[in-house]
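As written, the chains take the letters A, B, C and D, and residue 1 is the first residue of each chain.
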Amino acid sequence: MQAGAPFLLDGACCFQHNNPSHHGCIYVIKSSSFQESNHLSLLNYIIRRLLFMILVLFGVSLLVFSVLMLIPPGMRVAAYVTSEKIPPDQIEAMIKLYGLNDPAPVQYFRWLAKIFRGDLGFSATAEAPVLDGFKRYFPVTLELVLYSTPLIILVGIWLGTVGAIKKDRPADHAIRILAIVGYSLPTFWLGLLLLMFFYGFLGIFPPGTLSVEANEVVFGSGWNRITGLLTIDAIINWRWDIFLDALYHIALPTINLVILDSALIMRLMRSSMLEALGQDYVRTALAKGAPNRVVYQTHVRRNALLPVITISGVLFAGLMAGMVITETIFVRKGIGWWMARAALQLDVPAIMFNVLFLGLIFVGVNLIVDLIYAAIDPRVRLG
Amino acid sequence: MSTEVLTEDMKTQGPSRHPGWSEFVFSMKRLFKNPLTIIGLAIILFFVFLAIFAPILAPPPRAHDPFLMPHKGWQIQPSPPSAENPLGTLPSQYDILYGVIWGTRNAFRIGIAVVAANLLVGLILGSIAGYFGGILDEIVMRIADIFYAIPILVMAMALVVAIGRGLSSVVVVLIILNWPTYTRVVRSEILVVRNMDYILAARASGASHLRILFKHVLPNSIFSAIIVASMNVGVTVLIAAALSFLGLGSDSGYADWGAMVATCRNYIVGPAENRLAYWYLVFIPGFTIALFVLGWNLLGDAVRDVFDPRMRRR
Amino acid sequence: MEKLIETQDLYTDFFTFEGVVKALNGVSVIVNEGETYGLVGESGCGKSVTVRSMMRIVQTPGKIVDGKVVIFFRAEDRSRGIDILRRSETYMTSLRGDSISMIFQEASTSLNPVLSIGFQVGESFNFHRRAQMLEETIKDLNKELSNRVFFLTRGWKVLQKAVFRRELAVLQSYESEIDHVDHELYEIENQNDKESLHRKVLLNRRRDRLREKSFLVEFLKRFPFISYYQRRQAKTVRRHVVKLLRSLGVSNPDRVVDCHPHELSGGMQQRIVIAIALACHPVLLIADEPTSNLDVTIQAQIVDLIKQLKQTIISSVLFITHDLGLVAEICDRASVMYAGDISETAEVREIFHNPLHPYTQGLLRSVPKVEQADKLNTIPGTVPALINPPSGCRFHPRCPSKMDVCPQEKPPLIEHSPGHWVACHLYTDGMK
Amino acid sequence: MKKILVLLMVLAVAATAFAGGKGEEAPAVEEAPKKVVEEKVIKNPDTFIWSSYGTVDSLDPAKAYDNASGGCIYNIYETLMYFKGSSTEELEAQLTTQIPSVANGLITNGGKTYRFPISKGVKFHSGNELTPEVVAYSFKRHLVTDPDGGPMWMVFEPLFGTYGSRDGDGNIVLTMDMLDKAIQVQGDSVVFNLAQSFAPFLSILTYNCVSVIDKDFAIANGDWNGTAADIARVNGPEEGKEPLYEIASGTGPYKLARWDKGNEVVFERFEDYWGPKPAIARAIYRIVEEWSTRKLMLLQGDVDRGRVDPMYFEEMRKEPGLKVYQKNARLANAGINYNMKITSVDNPAIGSGKLDGRGIPADFFSDKDVRLGFTYAFDFETMLREIVKGNGIPAATPICSGLPFFNPQLKGYPFDLKKAEEHLKKAWGGKLWQNGFEFDMLFNTGNEVREQTLKMMAENVTSLNPKFKINVRGVEWATYVDMQRQRLMPVYYIGWGADYPDPHNFAYPYQHSQGLFASRTGYNNPEVDKLIEEGATEADPAKRKAIYYKLQDMWLEDVIGIMLYQPVDDFYFKDWVKGFVFHPMQNDPVMFKQFSKGY
């Protein structure tokens, strides 16, 4: 849900619009000569950003790990304790077995070493080695992301634009209210409402990822699992019934995410459109005899998109947080669902891995965002 | 040769108060012309009313622990709205109305506490980073980056589990995890203000850093931070609610909206005769949260429209 | 002398949160064919608003509430003129940048930062000379096809050609029609009886149908990737742009076209803006303080450029400035504006030697002279806020020779001596 | 705005279209069960799907100590013998040809030697033959592996009189010759030599932790190779590192087809199973956490059995199209134990740690009057009626109905606030009453019954005297485990399910000073300890009866805690399911071989 995101978003959109990046690693340079080619500088920019990424990830791992070390071993071992019947001295034995009593640095470097050996540890919540768990859960999330993100962006930008163009007309008001309500709704509540109405009352759009029959097919023999993304695999296996079934199950969560997250883009897009509309170059375009359509599409939109792009990285973080709740409610066993459990059961290996993974994605997304930004806005030089 | 001279010295005869002030007055005027502001305020005031008069509206059965919701018996099956429970009950007969009313206090406690604390931290770190810049800035901001890279909800969950569930720990955790936002805002504002003429002038006239910081820089950058804060109260409550929903807020039976919604998860589908039998469970507590947050967001939105440099005078 | 364009007491308001800003208070200006006309006044007196109103590009929250803007250069009707405020937006777009065009102060902000120079200049051609562009493109393609090409490339070129042909055809039919329809509509505007209203509706419908020209073409032009074929035609446009820039004395234009505004110097930017305006050889060029915030040498260059263009391409220039010196230098006639009113209009020489309006006198007095010894004398008081402007003559609070009639009624613009108009109670017969 | 409306409409249309298109996969909830009934359509007729929420921990018999894992293992592996039908005393042979008894001379040496003739012609899923060596290996292997938190302790107790293969510091004390001495192959049979005679031994041998595994298969997959040198390697494996964690080859009626962790375990019929051929070809244990989902799947017949929690029995009994087996008493019970030796160092649960009204002393409950007071203040009727909703049999002592030597006459203390008050007045020489107290009662979050019960108890006690304060707090499982370990909780809410149907299995943990719960609560009564040890080793039923009756009396006399109830369970099947036989100790899932589908 919008946990965190709007914090960043509002901070970003109303006070940092002049700074294209959240990292301050991107410079707006007014260069008077146009001889220089920026390919080289672009390359070393990317390299520097990758190094920076590694640095951040290291920091993240250190931070998260030390936080987890604050938790007493007796609690961390609980991830492995499944029943009340286990006597205390056996718990002690487990603590020793997993070396939870060692000083934090020792544990950290043990963990680090293991990672470099490719052993990410065993996740008690996934009941499998972390990597297996990841392989199992990630496609589910990825699929949802792949379906919802484009929708979120399109809907958000479209409605935002309409709102700006039709400023202070009924449509605008409707959209503004939609947006503000949209991001005031608790993710979980909206999810439950959708579920109650569609699934409980109408008996359609069930939770989960597949219907029982489809499940049999997918897990049965004769189904080759290539991507792990149900819809894609369905097409590869030429099973349109499965494809539809998967869509049928992914529809509700997608709607849920779209309603919630597009609200933010909507808002930002509208305001930045309005800002752009007031600029002098719009006047120039008009004086040139440009029809309104051209003014909006060529002159205004590109400029208006800049701030939207800027925050899309942050939006992604919001989306990930939304996953935790959405997946929990719609019983889609993906990364979000996994993380929620891991966090509740203090499944240290899983938490560490997921946090790092998401951190990686987050930083990566921001890098891409900066590149796109630079591509759209010629004033920006990366380097 | 131009008449700019003439127009210049005309301008100087304008109002000679602090540049921010007249601006502020104007903004306030504008703020209250906006219907959204009024609606938002109305909603918030309504909740304030609930919070203040909770003891009268819903007299607590156990004075020393008013947040514990009253219940008649232990029937786990929730019962629909009736004379004695106007809004129905949660599983094991906790009165929803009572929960809604007393939950208001919790909501405010969380929202205000977290935002205020974050604001403070943000101001301190932000002004240090922004004003002095250099290595300090680097350090603070890189740490902020690290925090941004951590998925907040997950980290919050783990932390709450670690320091023991309950609203107080939710508050603490949110404070720990959210400071970078404010720090950033304050910093970027200060970076803008820092090089303004009157600051330079003050510096030239040999005023001490602290003095400049407190007399000139902060007063001008604190605004936006406060605005962000006002916009974030709602959001904070949302996150807290989400945590409670995931089972990390207070225990069931305590007046906490998120936890109340959580109890309804097993009652989405009603019995055969009426599939929507438990609508009140799902609907009422969640609606309360939504309304509360909506109130703050409406206000925050209006405030932003007014104070946001880009949206001014449109 | 032939009138070229005329505004008849124009009222433009800005609906801001502070209140309604009455920016124009019945402005009447006449620009004759072949002259350079100056509009003088302090910043914020409504010069720019006037010209923007003339082009109907007043941006929100501004709105033209009353008045007429009549043009006389369309062949359609020279005697009566056409009130463009009553014409359709489509008509206006065909007018703007084609027969009337405009250059702005702050060249840096009036260029779109994210679009290349070539594109921004080229747009003018695309809007108003599209047919020509297409024809040339097709001609080029024919030439290329005449000598032997690899068959795939050939296929591609043939395809492009076909599409361009189609577009051209559509465009021509559209233009002929739209003009016709628009004219009819305009005719109807003036007499309004029952069946003409009905016809009006019909015509409007027809125009709308025309507007979405040919679905195929529009689709091909807009759809991502498919629209790639447009590059070919862009090439032609580019050629023209380069030519234009060179003619405006831009050094190595074929590199400049690929630049973005921020890569150019201020003077260069201003040249580009001018280029955009002149692309289609307008009849009237409106120059809105083109030289402000440029350093003096550049200023001179720009001014010379405009002068020389005046001789070559454009028939008339409407030159806006707060710089009396400049007015004296280049204008034939000029009006002095104050707070949304025209206070005085006359030959430039007349204005400088025999200013009638107290404000004009004040202005002239406040210009520093070389041999000046005593301190520079100024007009007391400040420009009034136009939300609630002074009643009657808006200048009266600052007027040295204020009379009790001034606050009461607004002085009409009267022809004091031939060709010298002034709006001041000193000269109305209404002096009691 | 219009556009938005259109969008919504399109969505709605799409939704309905989906619904129409997939009529039989997701029929509108209302008519689903009815339809099935009248048309008599059986969904996936030769597959049996058992849905519940317990996650499978490990498929290694030596590790599995929870219902879900156990249930799966029983379908794959077999033990030497198992219970007949729903009896808890009568055994039937599985991999042995005869059930040892003193009568048939297979139990000798005063009940210290057991001989099991191993049946022939039994095949493992891998095709390997069952031999006495394999059986012996299986037992030794399980003892050697002995994972932490596993059930192997119950085999160590009779064979070696210890409770595990490691001592307190984790050093391995189990040696090869101990094993060879205890478990021997003689001809066609396997012989066990016990440390001392142990009455429940036979019933212990029904537990999944002594399932017979496929020796060659196991060794091929890196399991213990049978030598002393290899013991250290396989002993005490980490979670998920047990050799047989996710692979299996047993003699059971079903073989493991697939374990999609956290989602489902799929079994396929083992065609050359030695016993009668099971009717169901394919059985699935599917994990469905969400109750509403599980419920709907059951109603629509997408699953044949859905686990239902007591709180929903009432509403589910109304649902059409189901076959319900009501009120089956499990061999399990729940109780609240008073902690008489609370760890007092930085323990937030006991406040000030003194009897000053703001806390309680560490030995608060060592005063019998306190215990009696609390016990009398406990309202059995309400709990059974409203919290457990009548799905429990009131229990007086740990030894519950269905166990041998259960004393049906005994009654627990009645709900009587008067008595409670007078006892609390007496407690701590009256200081308790005048100063009052405050402490926390803790439960693991999510366990609603515990939560309600403790809250009710707290409310009753605190209603006696405004100076009494009890905070009922929920803690996460992690915290809960930690607090148990450190013995921090003033009262323990405890649940115990039988490992084997013998009073020893209940008396020991609850009452023996070394037992799981008693040790946690610091209860130590040498006389009781002596009795329990005798009870275990005593062979003569009559004598045992006396012992256990005594123990039950002593429980009530010492008021170690409040025995709450013995859970009774409803089992909900789709009405086409046939052949379910309830067993008081059954796992979840049960053995699939008993089922068939049809009307």
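In this text, contacts are C-beta pairs under 8 Å (C-beta built on N, C-alpha and C of every residue); 3 or more make two chains touch, one makes a residue touch a chain.
In this text the structure is predicted, and so the values were computed from the model without any measurement.
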Starting at subunit A, what is the smallest number of hops through touching chains needed to reach subunit D? 1
More contacting C-beta pairs: B-C or A-B? The answer is A-B
For which chain is the distance between its Cα centroid and the global protein Cα centroid smallest? A
Subunit B and subunit D: spacing of chain centres that average the CA atoms, whole Å: 47
Counting only Cα atoms for the centres, state how far subunit A is from subunit B in Å. 23
CA centroids of subunit C and subunit D: separation to the nearest Å works out as 88
I need the residues of subunit C touching at least two other chains; which ones are they? 60
Contacts with two or more other chains occur in subunit D at residues 29-30, 290, 292, 296, 476, 478-479
At which residue positions does subunit B touch at least two other chains? 161, 247, 265, 268-269, 275, 314
What residues on subunit A touch subunit D, complex-wise? 71-72, 74-94, 96-98, 122, 124, 126-129, 132-133, 136, 159, 162, 170-171, 174-175, 178, 198, 200-208, 211-213, 216, 219, 244-245, 248, 251, 255, 331, 333, 344-346
Which part of subunit C faces subunit A closely enough to touch in the complex? 52, 55, 57, 59-60, 89-90, 92-98, 101-102, 104, 106, 109-116, 120, 123-124, 127-128, 255, 259-260, 262-263, 265, 273, 276-277
Within the complex, which stretch of subunit A touches subunit C? 30-34, 167, 277-292, 294, 298-299, 302-303, 376-379
Touch list for subunit D against partner subunit A, complex: 1, 3-4, 11, 14-16, 18-19, 21-22, 25-30, 32, 44, 47, 49, 55-57, 65-66, 148-149, 164, 166, 168, 170, 236, 238-241, 258, 260-264, 266, 289-290, 292-293, 296-297, 302-303, 476-482, 484-487, 494-496, 509, 516, 519-520
Would you pull the subunit B residues touching subunit A in the complex into a rising list? 36, 141-143, 145-159, 161-162, 177-178, 181-182, 184-185, 188-189, 224, 227-228, 231-232, 234-235, 238-239, 241-242, 245-248, 258, 261, 264-265, 268-270, 275-276, 279, 282-283, 286-287, 289-290, 293-294, 297-298, 300-301, 304, 307-308, 310-311, 314
